Each structure stands twice: as C-alpha cells, then as structure tokens.
C-alpha cells in the first residue's frame, strides 16, 4: 500500500491559474438543477475577476451532452468543455475524478465549483485530493476577497450557529461545493452565445477498478420536490403525535405546496429523510414557509431562514422560531392547522359563489 | 482467510447540544459531551458485520488530541478489536487534505503489521460536515473509493472481489470492485451493535497505543498541520441577525377559526399577491414579476 | 471468562462515586456500573455541594473540582401570592474555606468520576444492571443487560438512586410510595455575568442560595429554590408526588408560576432559559428508611432514601454514606472477614453514629407533620405576609392596634387551639428530642 504524492512540482500556483469553472452535474442525461444555480453564482464571480466562466459537462455519448452544453450557455457560461467517453457512462468516482482533474490540470482554472449533492461531494473530495488543492464544502456564500483576489468561501460551523470564511491562498483551483437551493437560479437566456470545446478524455476502462454491474434509477424519493417548492408547510415535535403530521400535509395540499419536517420527526420515524429541512437535511428558499410546532433550533433554522415569508405557530411564546418569523402565532398547531386549511379553502374564489363571501387580492 | 478492516473515526462535540452563549455569541463548549461521529458508527457496524461473516480483525483509527482516546474506547466497547490514536502537535490545524494524508500514512503502517483489506469511513462528520476525508484517503492509498454504500452484497477474500450496492441521489448502483478498497457507508443502513460485557470491560482496560508523526513517517513534514493545509479559516463570525421584524398576531384566547382568519387578514394586508396565489385567485400584477426561483 | 471483582458499585452518582473511590483507594478491585452514557447524564440536582462531605472523600477537592460560586448569602423566603417575608443570612468569605458551593452536575460528576478512575476503579457506562445475582440468599454479583453480562463480587454497593429497581426487584426494599417521594423540576437560566452579580449583590467569587416556600406550591407540600452559578441561575420547585397526583397540577406549570412571581421574575429578566430537568427526591425521612445492608450487599445514597428534606441536604448524605460503606467494607476485607449481613451492619452503625442518621432521626416527624398540616404552606405564609405588610404600612393607625389586628387575623384563621397546636407540632417535629 503506497502513498501517492504528486509533489510540489505538480501543484498549480495561484499566478498560473485563471477562470471560473462550474461542473454541470448530470446522471444519464439529466442535468441536476444545482448546476444552473452554480452558473448564476459563477457568472458573478467571473465578472468580478474579469475572467471567463466555463461549464464542464462530463458523461458518455448517449447522455446528450451537447444539449446540456447549450443550456449551460443559456445560464451564463462563456465556454463549455465537454468530457465525453464511454468510461463515463455510469458515475464511478475514480473515472469522473480522473477526467475532471485531468481537464483542470490541463487548463488551470482558478476556481472550480460543484454542487454539494451526493455525487458532487464525492467527486469534489476525490478531485481535490488528486489536485492537492483546497476544498470548502457546503458553502452558503461565495465572494472574491478584494485584498487577496482569492475565493472567500463561507459556510456554517458549529452546527450552523456561526459562520466561517475559508480561503485557499496558495493552491489552484480553489474548490467549493454549494448545496442545492442555496444560490438563486438565474433566468436562462436562450439568445446567449458561447463556445463548446470537446476535450480529449484519456481514460482506459481497464484502468478503472470498479465496474458497474447494475444501475437502477430509483423512484424520486419522498420530498424530492421540496427543494424547489414555493410553499412549504413544516411540522415539528410540537405536533405531538405522528397522526398529526396529516394536518401538515393537508394544509400543504390546500396551498399547493410541499410538506417538510424537522429532524426529530425523521429520527422518530414519522417521515422520510427526504422531507427533512435543516442542517442535515434540505435547505429551502420558498416564498412562504409555515413552521408548525417547530421550536426553531439553529439546526433547523439554517435550512429555512431565507424563506421570504415565515409564519411560525408554536405554543411556547419564547420559542426561537419567533425571532425569525414574519408572523408569529402562539397557538396549538394541531388545532390551528385544520382551521387554516379550512380558511384557505373557503377563501378560494368559487365560480359558483362569485360575488359573495370574502375576496382577496 | 482472516480479514483486516480499518475504521477511521472522529471524535466530535455533540452538535445537537452545542449552544451559543446568549450574550457573548461564543460556543458554549463547557459540558458539551464528545461523541463518536454518528456516521462513523455505521461504518464500524459494517466492519463488525464483515468480521461476523469472514472472521478477522477490526481496527479503529483516529487522528486527534489525546482526549480522542475516549472515542476509540467507545468503539472498542461496541466490539472493535484494537485501536490506534494518531496524535501529534504537528497535526494541529490540519484541514481535510492534510488529515487524509496523515490517516493514509497510518493505514499504511497498519497494513505492514497486518494487510488491510477494507478501509471504512463515515460519510461525513457532524462538526466539519465536508465528507472529504474518505475520498481523499482513498486517493492517497490508491484504493477504489466506494461511497454511499448501502450494503456489501458479497466479498471473496481469496479472489479479492467485492460487490456493493450504493445509492447516489436518485439512482441505485451495484458495483463490483477489488480489495483493498475504501467504503463509506450511507447512514441509516444499519444500527451499531451493543457490545457484550467482555467488550466493554476490555475497552475500559485497554491501553490505546499512540502513534506520533515520527511513528508514521511524517516527522518534520511540511505536508501536515497548518503548513499542509491549503485551506485556511480567515474568520469566524456570528451571522447578521435576520432583519425581520416579527409581527405577533393577537390570537390569544381565540378560537382556531378566528385565529386563522386573523392570519389571512394579515397576509391580505401585508402580502396580497402571495395570498392571492395561495387561494388561487387572480390579482392585478404590478409588473414587478416573480422572483428568480424555479419552474 | 468469569468476571470477578472485589466489589461492584451500581451507579456513578455522588454516593456511588464516594463508595467506589474509597474502595479503590483501599486497594480493592472495583467495578462501577453506570447506566447513563457518562457519569452525570442521568443525575439532576439543584445544586449545592457541601464541601466538607466531599473533602472527606477527595481531600483538596476545592482546588480541582469544577465549582460555581461559594455561598456567602442564604435567603429563606416565605411567599404569598405576590410578596414574601424573608430571612437573609450573609457573611463575607471568612477565615476558613467556604462550606457550600453551587455546582453544575454535568462537569462536577465528570470530575468526580475522573477521580474514581484515577484511584483505580474500572467504570463501564451505558450498562444497566438488570438484577442482583443471588445464591442461597446471598448476593453474589449483578446481571447486566449486555451479552455475557454476569459479574461476580464479594459485595455489591447499590447506589442506583431514588428510582432503584434493583432493590425492589430483589425484595430488599418495598416500592416507593408517592407520599415518600417528591417530584422536582428545574431550569437553568443564563444571564450575563455582570448582570447576575449586580442583581444579587455579589462579587466574582460569591454566590447566593435562596430557598422558598408558601403560595408557590399551591397548597402542596414542597419548596422552591434559586441558586446562583457563574453565568446562570438554577431555579426550581418540587412537591410531594402524591400531592401532584391529587391536585393534577403540572410541575412545569408550577415552575412557570414561580418564575413569574414578582419577587423572582426581576431576578431572571432577560435571561435565557435552557436545560430543563426533572427528578425525584426521597422525602419519607427516617421512618421510610429501608434496610441498608444484607448478605453481600449495602445500600447508599438516594437508593437508601438518605435525604434530609428539611435542610435540603442530599448530596452530603449520599457522599458520607458511600464513604462509610466503603470504609466498613475495607475493614472487613482487611480482617479477612466475610461480607455477611452481620458483619456489614458495621456500616449501618457507622451511619447511625454520623450526622446522617442523627439528623434524619431528629426530623423524622416532619414529613408526616407537613403532610397533615398544610396550613404551614398555605395559611401561615399568607398571614405572616399580611401581618408584616400591615406593620410596615405607615397609615396613621397606631402600632398597638395594628399588632392586635395582626394577631386577630391569625386567631380568626387558625383559632387559638389551632395556633397552639401548630406551635406544639412544630416544636415537636423540629426541636424536641425524638428518642430512639
């Protein structure tokens, strides 16, 4: 068992690197939405640095990489580098890491961003090790430090209660992963122009140890739409009993939104992890977030505090959730939720009842 | 053929119990117990399950201060056979790149004592949360990194063939690879076992051997600690208090139906567009358009 | 492998730690078994540490132990709905070292346990003792819930707290009665240090302990407390479990009412409440003491109901009983004598000679007295408060008239016979010689 060291001669120094790269993550032809969010952020960073923004798309011929490249340009990329090879048909850490690291070594970007999805985190760690550079994971803010010209990556620490800003001064590329839903998605502009370059991928199948024997897309797990939902109704321990989660679901349905939960409910087995909102769950930025029976501990708050409007319902008037709520209601969620479902339903303009009753808007 | 699994663990503060001092905004570490990173326990259980099937030894390894011995003892109490603490002042300030290098050297040393077949890691830590040490460690040692593993379907020590199932977001893969390899387990796939009385007595009595930088061939090295860490923390700060004036709705003593009406009224006054959307009503657009999220 | 030790101590609270430390220091092979993840995780207390009792177990403890504030002022408040009549005793730090300190149990228990381990005892955590192993009516060890979990020893020290199932299951002690135990709840409220010190008029290294009774327990037998820690205040209230059951009042509600009492609320204002905890305390006193020793076993601390409710003293009794049990066992071991009930009675006798039993015996009538005489928690605090309020009012009425009115109020409420009876009962319960 030997230790692999590339040695300082192979490191890329700051002076030699330039350009912002964003990996467009895709599996079997489906690009992940986080890629567009990252391109939006990457555009900002590239403009600050006055360098081009490059999207990197990796996969096999059947994945429709040209189409993904086109979308990347619409979302802001100046240049797209396509890494296409049969070796990349299924995601295998070693294969993708080799391909991406190889491209980075050849072209020396200053910044490389990936989404903090399971694939992205896995790949980022492998690539950062290959390139012997710095990686900051799960960032919530990215900026260019005006003094050093470095990427200042800010992420939560100590359970989310504090933030820390991390920089990689000497090595390149400076790598960072960002969670889906943290950065806003830009508006795509189909009229944008950009170049597409196909890169040579120097990978031999026999050099990759792992073989994919089977690949099964799984049904979208419970809560998959949560991250993009405009309306989220969330329940916490204050609901008391598992059955009361149905009240949360009910209101979410009436409002055309998605249901979320705080961590204790997942731990208690009342809901799947896919519905969890918070530090170890999803981050959401809905227009409306209703927190029912949630105390608002910091681990949950970091997952929803950027919602536009927050309505908090809790029987404890001192619950921390009220510090960040737009509207606070001290009440028992189990009685208020059905009342809200009812009130919103009845407030719907009913063609049969046109002209009578309450009208909003 | 007896197998040797190494499980890399980390001792972390129990973040569910960390609180911020209400006045000074500093972390209240006092009284916050240290625990074994919960994700690492899934890795430990996977290693112990392998031992159930193939006999052999499970070694737990950590890089940390002397106090990390307690975490190693807990793993011994769950049933691990032996433990090693990698500790040296030179390692202070190591980021994940440097940590992966140190652990790689330690695993290589263990390999010399008894060939290592599988290195197990937890998916991420609850304090650092970056999930980089696993892939980094695999890269250093030339091990195939198998991440997000849900189950080890089969393993043949003789032919060195291993088949695992992993879950990567919205897809499930069955992957075949060769030993030695590195496996990081997806959480929720197993429950770490309750050790026997002998395990827990042995854990308390154990003298956990310590390895310094010199012991693992990193003496005077520039690639560990702060010097070996490309990333630096520039500052730690409290987030700006969210500028959000909270409006407490006067619903005390009201029937739920009235309280609901009060909320709808408040929305009607403060956010008429949102309310209209919620009830599916038409509303005169001001022309401001929607925000950048979605559809 | 048969696991065998000289002694097994069940529980790593103050009593268990005192016993284990004494035994280990005496050279015995000791196994201490704790059901919590770590010592202290299952323990709750006000908390006041009586340094003398600890000093006898860990000499020089004041230097190393994590102590909050030494008490320089003791307050006792008799509370009405919105007022109180109180007695304060304050003495600056004198010549000798302070006798009482506030502590936080989590760091304190960890420190105490460290001392026990340094002395050589083996501590295993997250391990619950299911039952005692008994052979021919002798306790010969314990059975834990872990696989292969039987351990044998010459003697087992039961230090597993007020809720001890072990003793009940083994028939060594009857089930706890709701009249013999109090349920107490507490909160730790964090305050900025300077604010705390200004409010309580104390310096950096000084503390105040307040004990409260009266309207705050809504007619139930019980007391409240408020102790200053370095950067927080521990506030709590407890009542007899039987009374909670009878009234249906919730302990948490009682605590909220206490915190909003006009005398208490200003002290807590602006603080952040955290760390809510609840615990049971033995309240039965001398008459409820179980047998504390037998063939192969002794019982110490709360498991043996050793709690002096009148003076709110528990941890010192716990530590003292643990130490005395340890010393008795060591003496037997040294003399090569077996751990029989007869021989272990030396522990019980040492306990009787100490303040532990003496104090409990002195106050043995108090539990029943208070239970059957609620007027001490209801009428008297109210009457006393009104009387004092009146006396202090300067409203043109002459003092003699005021005095007579005050006395009449007492007489109207309790009757002359009642007043005399109350005085007699109190004297009997608190002051007189009890006789054995």
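The first chain written gets the first letter, and so on, giving A, B and C; residue counts start at 1 in each chain.
Note that in this section a contact is a pair of C-beta atoms (placed from the backbone, for glycine too) under 8 Å apart; a residue touches a chain by one contact, two chains touch by 3 or more.
Because the structure is a prediction, the values reported are computed rather than measured.
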| item | value |
| --- | --- |
| Chain contact graph, described as a line, ring, star, complete graph or other shape | line |
| Best-connected chain pair, where connection means C-beta pairs in contact | A-B |
| Centroid distance [mean C-alpha coordinates] between chain C and chain B, Å | 41 |
| Between chain C and chain A, distance of the C-alpha-averaged centres to the nearest whole Å | 52 |
| Chain A and chain B, separation of their C-alpha mean positions in angstrom | 18 |
| Sites on chain B at which at least two other chains make contact | 19 |
| Residue numbers on chain B that touch chain C, as the complex places them | 19, 21-23, 30-31, 33, 77, 194-201, 204-205 |
| In the complex, chain C residues that touch chain B | 1, 3, 31, 37-38, 41, 104, 106-107, 122-124, 126-127, 144, 146-151, 190, 192, 231, 271-272, 274 |
| Complex contacts: residues of chain B adjacent to chain A | 15-16, 18-20, 25, 27, 95-97, 100-101, 104-105, 107-108, 111, 116, 124, 126-127, 129-136, 138-142, 144-148, 163, 167-178, 180-181, 188, 223, 229-239, 241-242, 244, 246-249, 251-252, 255-257, 259-261, 263-264, 266-268, 270-284, 291-294 |
| Residue numbers on chain A that touch chain B, as the complex places them | 1-5, 27-28, 32, 90-94, 97, 117-119, 121-122, 124-126, 128-130, 132-138, 145, 152, 155, 157-159, 161-171, 184-187, 209-218, 220-221, 224, 228, 230-231, 255-256, 273, 280, 285-288, 298-299, 305, 308-311, 322-331, 335-336, 338-340, 342-344, 347-349, 359-361 |
